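The structure follows.
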Amino acid sequence: MKEFAYFPGCSLEKMASSYHMSAMETTQKLGVKLNELDDWNCCGATTYFYIDELLAYTLCARNLAIAEKTGLDVVAPCSACYKNMFFTAAHLKKDEDLAEHVNFALEEDNLHFSGNVKVKHLIEVFAQDIGPDELKSKVTKPLEGIRIAPYYGCQIIRPQKEKEDVEQPQFFEELISAIGATPINYPLKMRCCGGSLIISSRTAALTMVRNLLQSAVDNQAAVIATACPMCQVNLEVYQQQVNLEFGTNFSVPVMYFTQLIGMALGIPNKKLGIGKEFVAMAPTPLAVETAWGLPRKTK
Amino acid sequence: MDKKDEKEKIGVYVCHCGTNIAGVINVEEVSTWAAENLKDQGVVISREYKFMCSSLGQELIQKDIKELGLTRVVVAACSPHLHEKTFRNACKGAGLNPYLCELVSIREQDSWVHTDKVAATEKAKAIISGGVSRVVYHEALEPLHVPIHPATLVVGGGIAGIQAALEIADAGFPVYLVEREPSIGGHMAQFDKTFPTLDCSACILTPKMVDAGNHPNITLLTYSEVEKVDGYVGSFVATIRKRARSLREADCTGCGICWEKCPKKVVDDVFEAGMGNRKAIYVPFPQAVPKYPVIDRVNCTYYIKGTCKACEKFCPTNCIDFAQQDEILTVEVGNVILATGWDLFDTRRITQYGYGRLPNVFTSLEFERMSNSAGPTGGNVVLRDGKTEPKVVGIVHCVGSRDKNYNEYCSSICCMQSLKFAHLVKEKTGAEVYNFYIDIRTPAKGYEEFYHRLLEEGTHFIRGKVAEISDATRLPSEEGKLVIQVEDTLTGNQLRVPVDMAILSAGLEPRHDSKALAKLFGISCSADGWLIERHPKLDPIATMTDGIYIAGCVQGPKDIPASVAQGAAAAARVMGKIQQKEIALEPVRATIHEEQCSGCRICNNLCPFNAILFHEDRMVSEVNPALCQGCGTCVAGCPAGAITGTGFSNEQILSQINGLLLLNVPKKQAVAA
Amino acid sequence: MTDKPETKFEPVIIGFTCNWCSYRAADMAGTARMKYAPNVRLTRLMCSGRLDPTFVFKAFAGGADAVLVSGCHPGDCHYINQNYKAMRRFHLMKRVLVQMGIEPGRLKLLWASAAEGAMFAREVNSFVEEVRALGPLNWNSNHVHTADHVMSVVAEGHEHEAEVAA
Amino acid sequence: MTDTITFGQEISNLLHAAEGEPLKTCIQCGTCSGTCPVAGYMDNSPRQIIALINLGKKEQVLESNTFWYCASCYHCTVRCPQEINITELMYALKRYSIWKNRYKEGLIGPTFSEAFVKMIVRGGRSFEPVLATSYIFSFNTREFVQEIQGATELLLKGRLPLLPARIKRLENFRRMIGRIIPMGGLE
């Protein structure tokens, strides 16, 4: 059994609790153990870096140091948390001076970070550690016929870490294929959802959400799959506001990839937090109805 | 270090170089100091003079050599890269072996880079002391003389190679022209028009190809590759694999019945850039030289399934030979010209430009084939469906060039190529054409005028590197089109330009195997894969290995006129060498003292030029002086100290270090320094 | 050393340059009249691959406070790849220096192309400052101050190299 | 060599893990701006900001809304042909303008960021309802109503916390921050 330290991040406590629930359920079913970090703190999203770089590194380093104590690699389900932790770890490893400053502060909480933690995004655990083949073998209720738009968003793959493909990655598609659904190819899968601009620059962000939804709908997506709570909220919760703002009529369900995997693994909806969303996933194809345990409609 | 028994008579000459040296260094003081303090080393005379390199300065040295019987000379002046030859010749003129003269630099490395006059003067003393200590251990040397074989090997049958081969052959010397593909012609044979004059490429190239094919002095070896090169300037021996064409050339008339009858169609990725098909037995294009086809054994039905033989059945001269074997030839040549050309940047690497994903994105080579009237679309500019003419075309510059994510260098031909494309598209279809560029570079004769012509033709020029090309349409006007997303940096506007066709003006890259080529011929190759010339300005076609020259794009991206000029220039250099009949080589070489050699063979692997031979019978290694380039790595690596490097011996260097540290100077003065 | 405490320590540095790149970089610095500290005295070799570790130890034994080894950038060697051999020897020499009680910071490796005069000047300056900070080479008195001793250590270096080459 | 530090050097110094002045290597190709999903809303495109910094036009840069519109999507950064980390540059400019207390009027970004950081410094974790007060009152009526509607629905779906979450070792945590920023600076 593979084991990871798990940093849920603030959003997963309430706003994205369904992501947390489905992450725990699916990983358990696939033989991966996630141990929540003891007394973690907020990663700071992007805002720490606006105010004070050193503070930002220190707060991320606290979580990394807690993870290091467990001797496990740490997994973050939120893209922003992941990016912050990944690059904090990378910078601290490279920059001794920075590490010294940060560790001086960490002493106050009896912590020390020596740079020996690998940071992974939750979707990397599915794509690399579990792998699409293994996932496929565990699927009991394949989501046949459902057209899913994989939405990568920004900070899972950008900025570039090594030489991976940052423009047309395929791992999300492979996971969707593994659960029997059809991944759709749409041009905006790598574009930004607006992130925190939804607060500071509303019109800009709503336009970005609109473009994304439009691109998915144009390519007949039945549902958009995300791997980040921020993206999920922007694409889903703000859908109504997009409709009001632009006179559109979007009603696209936006689900966490773990929820979709959970369905295919036969985990009951309730355990996956399904029911908390604004736009319910329309059970159109018959296969889904069976998968969800819904009564078949007779035509 | 034991001193030599007989004391040398050394003359020291310190140059003022006007005020270049004397302005910072107290030349008189240095000169007097040397005369007094380096006496023990053998200094018998020390002089200073305004300009040592002038004829008067040289005569001063020559006079001392004759009158005082100097056996060694140290000149303290400028860099040896500037005047070493001058002073060596001066010594030679006075009857002293030129290699007994040492030039030490007190200008570039002292007076020009320091401001503290005292410190600079002290440093000059140390430098001269180093030179004096070193020169004691110099030996009289004679340059090596090697005869030159009159034949030349030209590798690569593109325009640069053809030009080089023709020049040499016309001068009456034999040439072996080796080409990997079944026909010579190279990339130029694929083009339609050439910029800026819009000459038809085939019209100007074909006569040259025919000349090369028929020339009595040229041995054409197509479908062949060089596998091994031994020897050195004057007498290289190249091993060439002549791949089996699967037919007897002597009997073949090139009638073309075989490829007409061949039932197997293959996508032609090489000549047609994937835009068209050929047969399994084929000539790459109608004007191919030589005219004989080859059987592509990977795709031929007979080689796959064992049946078919349609070509053999229909061949009127019965020349097909399925059992033919590769031939291995060895040829002896005096010089080599490498002209292996370039590969097109793989535009798939820039995924945001959509090549391979979005059908109506084309590469530059694809467009060349498309606009060529002998090409797969008969010269019609059409979309991937093969029939629709585009109404709007976007041409993207700098694809894969000027970008640290791919290649940092400018590919130099893409601007002009893009302008040519813009003209051809407009001429053939009347479409609106957009050029997306970062800078327009037109630095050759007639190029800027061509750009002006394009401006007058009404081509749109947008200054901005294209961010992405996608099918993400938003507005009705974008429906069914490709959208080019770019900032017009001149106005700061964000543009979404809908086009029917996008052409990626891809950059030039070194051949994928250029590093292997460099290794094969023992020359150096830059980190990005272009072969390195001896000097970037003054010797762009020679390499650091004597007798090996480079021409055309193998040295770096360049256009047709420049490739032709380099081909001709390389030929001229080779002919000059051949005319000399023999050449003199700098005697900076390593030699192994057999009695000290333990036969450990460490040096064998250290040598980059394979100049060290191991004699199994005597269990000792030996340096081939004609192959040795004198780098000295083996000298430093020999655990037994059995190797001496002429001109840079351990004694010379160690003694120079002592000198530089003023260990050879009486203690009192050394402390003052 | 005791007479004038206010005088700055002026280290003596022996520099090894290759004929094709770093010596020309030094020439270039000169032609462009770039100024740098006069503490470096250069020796020319045909290639950094010629650098016998003996030279470096000889320089230290002879009173140099530091040694600069320079050559063409990796990949740009005029003798194809001999600078990589210099690089390997450089790392071995560093190890040997430590064994001999010499601060490894007294040996510096610098890749300089013929066009990098400015960089050469800058790097020489910073190296001089680094060595100044280290102070005069104060060889541990336990170590015998003779070339013989140095040679025995060098031989050890060669053995290492033989391993690497094999 | 000048004695005074240029605006460009000042900004380069704020870029972590950058050597020298990367902005000087900008070839003004416009890849960043062409890529940027928000460039249309910025008064100067990212490319223009770099040009302005290189020109030393500090006032014009600080008056610009460009960096407050950056969504941190890093798309420009992965595409820049000169490998300039433009997103980090935007962070640096945000920090610079907050330190200098100079930013374009009417921007929500700076206020929100400060509120966010204060909240974390107090409790160690994020709490959306408090956060909302930092920006919601700057919205116009229509936006305000929409935002409240959205929040109410979130609350009904059980997706908004009623009480702020706090970390356990809060005292240690605050002392830790004290070693980075003297308390009172942000509190």
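Per-chain numbering from 1; labels A, B, C and D assigned in written order.
The definition used in the following text is that a contact is a pair of C-beta atoms (placed from the backbone, for glycine too) under 8 Å apart; a residue touches a chain by one contact, two chains touch by 3 or more.
Note that the structure is a prediction, hence the values are computed from the model and not measured.
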{"item": "Selected interface, A-B versus B-C, where C-beta contact pairs are more numerous", "value": "B-C"}
{"item": "Centre distance in Å when chain B and chain D are each reduced to the mean of their C-alpha atoms", "value": "49"}
{"item": "Approximate Å spacing (C-alpha centroids) for the pair chain B, chain C", "value": "31"}
{"item": "Chain centre separation (chain A, chain B; CA means) in Å", "value": "50"}
{"item": "Set of chain D residues in contact with two or more other chains", "value": "40"}
{"item": "Junction residues of chain B - those touching two or more other chains", "value": "352"}
{"item": "Shared interface positions of chain A, touching two or more other chains", "value": "167"}
{"item": "Chain pairs that touch, as defined at the top of this document", "value": "A-B, A-D, B-C, B-D"}
{"item": "Complex interface listing, chain C residues touching chain B", "value": "10, 12, 14, 20, 23-24, 26-27, 29-31, 33-38, 41-47, 49-55, 58-59, 62-64, 73-82, 85, 89, 121, 155, 158-159, 161-162, 165-166"}
{"item": "Chain D residues touching chain A - in the complex, by the definition given at the top", "value": "14, 16-17, 37-38, 40-41, 68-69, 71-75, 77-78, 85, 87, 91, 94-95, 98, 107-110, 112-114, 116-117, 120, 124-126, 128, 135, 139, 143, 146, 149-150, 153-154, 157-161, 165, 167-169, 172-173, 175-181, 186"}
{"item": "Chain A residues within the chain D interface of the complex", "value": "10-11, 13-17, 39-42, 44-55, 58-59, 62, 91, 94-95, 98, 101, 104-110, 154-155, 158-160, 166-167, 190-192, 194-197, 199-205, 208, 237-238, 240-241, 244, 276-278"}
{"item": "Complex interface listing, chain A residues touching chain B", "value": "165, 167-168, 186-188, 211, 214-215, 218"}
{"item": "Complex contacts: residues of chain B adjacent to chain A", "value": "350-352, 357, 470-474"}
